[in-house]
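In order of appearance the chains are A, B, C and D, and numbering begins at 1 in each one.
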């Protein structure tokens, strides 16, 4: 029964993708039938969600594996198509399918009238299918299939509105940057397979003790590199902000709630192995903290509402990596859950706003205005939207307060737990963790500031678009606001699954008990953290600091931006001087990559570069590709078309081959 | 003794005519030098007591292959190529590579052949190289490659007709 | 000095190298064809010498096949030269560089 | 040996080598038929029918024990059945794709199908041959037929030029190959692959043996277009009719690689050549990918990409283990499907024989939105060529890189993986230009691209089949294992068969 359910959970989204994708491809008449397509597409996710809820409720604490079939059994390698149901995969399944269902519903309204409506639902279903493969897999191979599958869907969806050249460039950039991470993943798999002779999680995690510390370190390092690609950490985070070119529901589902957290999931799944590589964990903590800070500072300066949210996502992912770095895997997953709620809510809210602003743009065009410079995502043209979009306003406010960490909302509990764990790790003899904690506190303050800024600039103050208020946006349809309200409720109460340790000695931290290994779950726990060695007063103090900076940040920013509006940005720029400038240009990371990697290649390769197609991929990836292409053109000169040159090359080859075989 | 003298004579002729074929300005001269070379090599086969192959060499190579080549040269009315005005770098590279290859082959011969016995064409060898023995082998042991060679020749004929015919339908 | 199989093999190597040089140096398509034939011919000398040394008729069979292949290649090569000559009245291979880079 | 007895035994052998015989006879029938009824539209059906029957026959032999026929000259059953299926299947798909294409470019000669069958006979002889004589004859039969097919569009000077280049360099390479055979024959006293190791041990002519191996490898490197013996490849691929480019880029490479595997596995002691193969593999992967990145012409780009894929396969061979060889065979299967499909799509976007030679990537902008099916199929082929899961290409790459790492060649596999990451640059560009650009962005000076000709049902079916195969091939249970048990016992390989 349960095995059958697992099959259905996996296969229904695939069936949905085929029905909404391939059938309309060959029967163009169906493409415009939005109600049919959206019904199929949404049910293909909603029904599996119900099944996961059932599995979750009837789960008896014993992990079980549903094997579809043995896929290859070549030599030592035996790989099954097997899916694992345990605490971790159930939690992830609930989040992915739950948020996924809501976003499908939301998309019905958001994508209404788009030519690619059917394609969009097909891609979304395909994404859910791949994501389920990723989180339910029982071995690294199937997980990797899902891992690449979500990358593919991400590529397709970022480039969805492909008539816009920039979108395609962003899609390519995301794809190619991620290939670097995937490549590390493959190497880790090969390495582990060679050492352990199997790739299913039981073999891997039971075999950790038999591995040499070098091997473990290498493997964890490679897995971490893979995670930095998918979860957008330094140095591979440059793709995520650009990925916002896709439709907003995609940003919410893939680039905030689910796909980008798969790096965290991977590390949590392999937590026993990660714990065996303490050196790498320090690196993870540092990278996480740096990413969180860097992204938060950039977010303060952005004016595009989706880019603010994108950098905020990068920053929050940094928090999660901090948790992993100090060995608190379950907290990372906890933050994944709460973050999925409020960040999806924020994106959907911004989508609702953009939807409304497009309406404004349309009306302006109707009135004969020149709208070529009008940007529906620019917060500088918004303001006072609370008057026009009440539901969006309230839900966005809730999400803002939640992500800022205002006490008793979901973000507070999970973020506080991360900071607490970091501090405790320092207390338990990991000096760098204190620094991580300090950076975390600073970042929390910045988070409160930039999110409040985004909220105030968008919803408060006065209208800044032309012809206001005679032309005004309207509230989005029910199919869009319903998911907003649902997520808002979750963003409020979601944190109560993990109450802090000061309450009832940690007994009420349900998610800790559910996931962590000491309690039967699959996620490892640092052995000494179970003792909660910190004095009680210190614990309360830490909570107070965490809540305090959030309240401080929100109130400061609220007062400042409510009073001065956009002008406060300029005051900040003056006050902070060059620092603000650095943030504004995003630390010039794209340019640094250019200077470090691209330009030298270009200089060496000389001419031919300028002719290269400028539109394929921009930034780093583009540059590297163009550099290689230029190199190719140089190599290509050997290909003169004259037979005798070819023959000379061949004889050169003969001489080399003979020399190698005779004298080496 | 007579064998050595004969070998040396034929070898000198073969190398000389090969150089002539490669170096001659006019393609006609090249082809004629080539014929000399092929006949000298046929002579070498005979010094090895490989009579059947020697005869075949003259018949097939010198006869069936060289004649069409001469035909084509005359058909296209090809004159001499102009002498190269200056030495091009590609010629230098080509020469160096050719010498390198020859050196490697010489190395192989110098080092590698110690293990091989000295030349003495036995009665067995004479028997093994007879037309009778070769024919028997061709039609039993190597009948499959023999049949495939037939296909190869058919394909080559089709191709030659296809390329050379003025209008092919 | 005894006449050994090495003499034949050395001669074969020299002829082979001359053939290679011919392909590399001469730009006349027909001479290139001749040089390739020279290479095959040179290898035949080796094969026959080795076969006679071992009193094995396999080598003769091999040479028989090489002769057939050489004939086929000559036919294809010549017809290609004729076809090329029709597109452009020259046999200088340097002139044929439409496809490159 | 009594001749009549010999002929009695041969009758049984003929039945064992049934597909080879059938193709040869079908080819002869086509030639004769064509002489009486010129370019009869029935001719491709004869070819297709023979190929299909051969395919079914080999399928039935897949599980049988490997044997040799014709006095040990050729293999049948097991291993041979697998590779013959790849060759026959690839040829069959190419024939089906070629029929409408050749008609469109007005070169639908009956002889083409006879030549394709003859070439396939040569390939099968090459891929399953067990003696150097068989390898040589098979290689030459295949090559001669391919020279002719490349130059099929005679009125286009590019086509005839590419055939001439291919021919001259091919004949040149044959010289080296043959020299290698001669030296090996001298050093071991035999031409049979399975006797070579013991023959080598007896004679002790080490240098001569290894020199022979080196020259033999050169011949193979040329045929599989490994760098630096690849120079003919882009020119020949570009000038050939597009569906036939797909044919020669897959089946001929598969045959040559298989023969190389047989030689390495049965005839050579596993030392020395690892370095050579590894070095050549690196050169091939790097140069192939880098050159492809710089290409604007679609066909040329695919030609360089196929060079790079040869490099990946060489990585598996360099491992020198049973897993590496079987991985290489598996890769050949998947590679054939991908490339036939990709060239098939390109072929359907042409409307005369010359356009393929000149068609640039940009001139095909937005073609994927105008022809959604072709766009989708091309995207699948490109992603598979990148080696992106869940498409077949990924499993192929795992099958060759994994054994290399197991054999201690981690650096080689890393270079291979990096190279395939880089390859995403140009494959994605095709996807991007086809589907993400609009037709208005086609450069004005580009040759006017129509939307190609109307796609006949047969071509659609073949492309769909390729797409479906690529999506499911990695997931067919047991398929990967088929090739592995051919190489189980490395130790007894020599001398026994």
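Throughout what follows, contacts are C-beta pairs under 8 Å (C-beta built on N, C-alpha and C of every residue); 3 or more make two chains touch, one makes a residue touch a chain.
Computed from a prediction, not measured in an experiment: that's the story for all the values here.
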Report summary line: Ranking A-D and A-C by C-beta pairs in contact puts on top A-D
Query raised in the report: For chain A and chain D, what's the span in angstrom between their mean Cα positions?
Result: 42
Report task. Mind checking the centre-to-centre distance between chain A and chain C? Centres are C-alpha means, answer in whole Å. Result -> 63
**Report entry** Centroid spacing, where centroids are CA-atom means, of chain C and chain D in whole angstrom
**Finding:** 26
**Report entry** Mean-CA-position distance for chain D and chain B (Å)
**Finding:** 31
Query raised in the report: Which positions in chain B touch two or more other chains at once?
Result: 94, 97-98, 101, 104-105, 107-108, 113, 116, 141-142, 145, 149, 152, 155-156, 159, 162-163
Report task. Identify all positions of chain C at which a residue touches two or more other chains, and write them in rising order. Result -> 9, 16, 19-20, 23-25, 27, 32-33, 51, 53-54, 56, 58, 61, 65, 69, 72-73, 76, 80-81, 83, 93, 96, 98-100
Query raised in the report: Which residues belonging to chain A are in contact with no fewer than two other chains?
Result: 633, 636, 639, 641, 643-645, 647-648, 651-652, 654, 658, 662
Requested in this report: Just say which it is for the chain contacts: an open line, a closed ring, a star, complete, or other.
Outcome: complete
**Report entry** Residue numbers on chain A that touch chain B, as the complex places them
**Finding:** 644-645, 648, 651-652, 654-655, 658-659, 662
Query raised in the report: In the complex formed with chain A, which residues of chain D make contact?
Result: 164-165, 168-169, 172-173, 176, 207, 210-211, 213-215, 217-218, 221-222, 227-229, 231-232, 234-235, 272-273, 275-276, 279-280, 287, 289-295, 322-323, 326, 372-373, 376, 383, 388-390, 394, 398, 401-402, 405-406, 410, 413-414, 417-418, 421-422, 424-425, 428-429, 432, 435-438, 475, 477-481, 484
Report task. Could you pull out which chain B residues touch chain C in their complex? Result -> 3-4, 7, 11, 14-15, 18-19, 21-22, 24, 27, 30-31, 34, 37-38, 41, 44-45, 48-50, 52-53, 56-57, 60-61, 64-65, 68-69, 72-73, 75-76, 78, 81, 91, 94-95, 97-98, 101-102, 105-106, 109, 113, 116-119, 121-122, 124-125, 127-129, 133-134, 137-138, 141-142, 145-146, 149, 152-153, 155-157, 159-164
Query - Touching residues on chain C, where the partner in the complex is chain D - result: 9, 16, 19-20, 23, 29, 32-33, 36, 39-40, 43, 46-47, 50-51, 53-54, 56, 58-59, 61-62, 65-66, 69, 72-73, 76-77, 80-81, 83-84, 87-88, 93, 96, 98-100
**Report entry** Interface residues, chain C side, partner chain A - complex
**Finding:** 20, 23-25, 27, 32, 93-94, 96-101
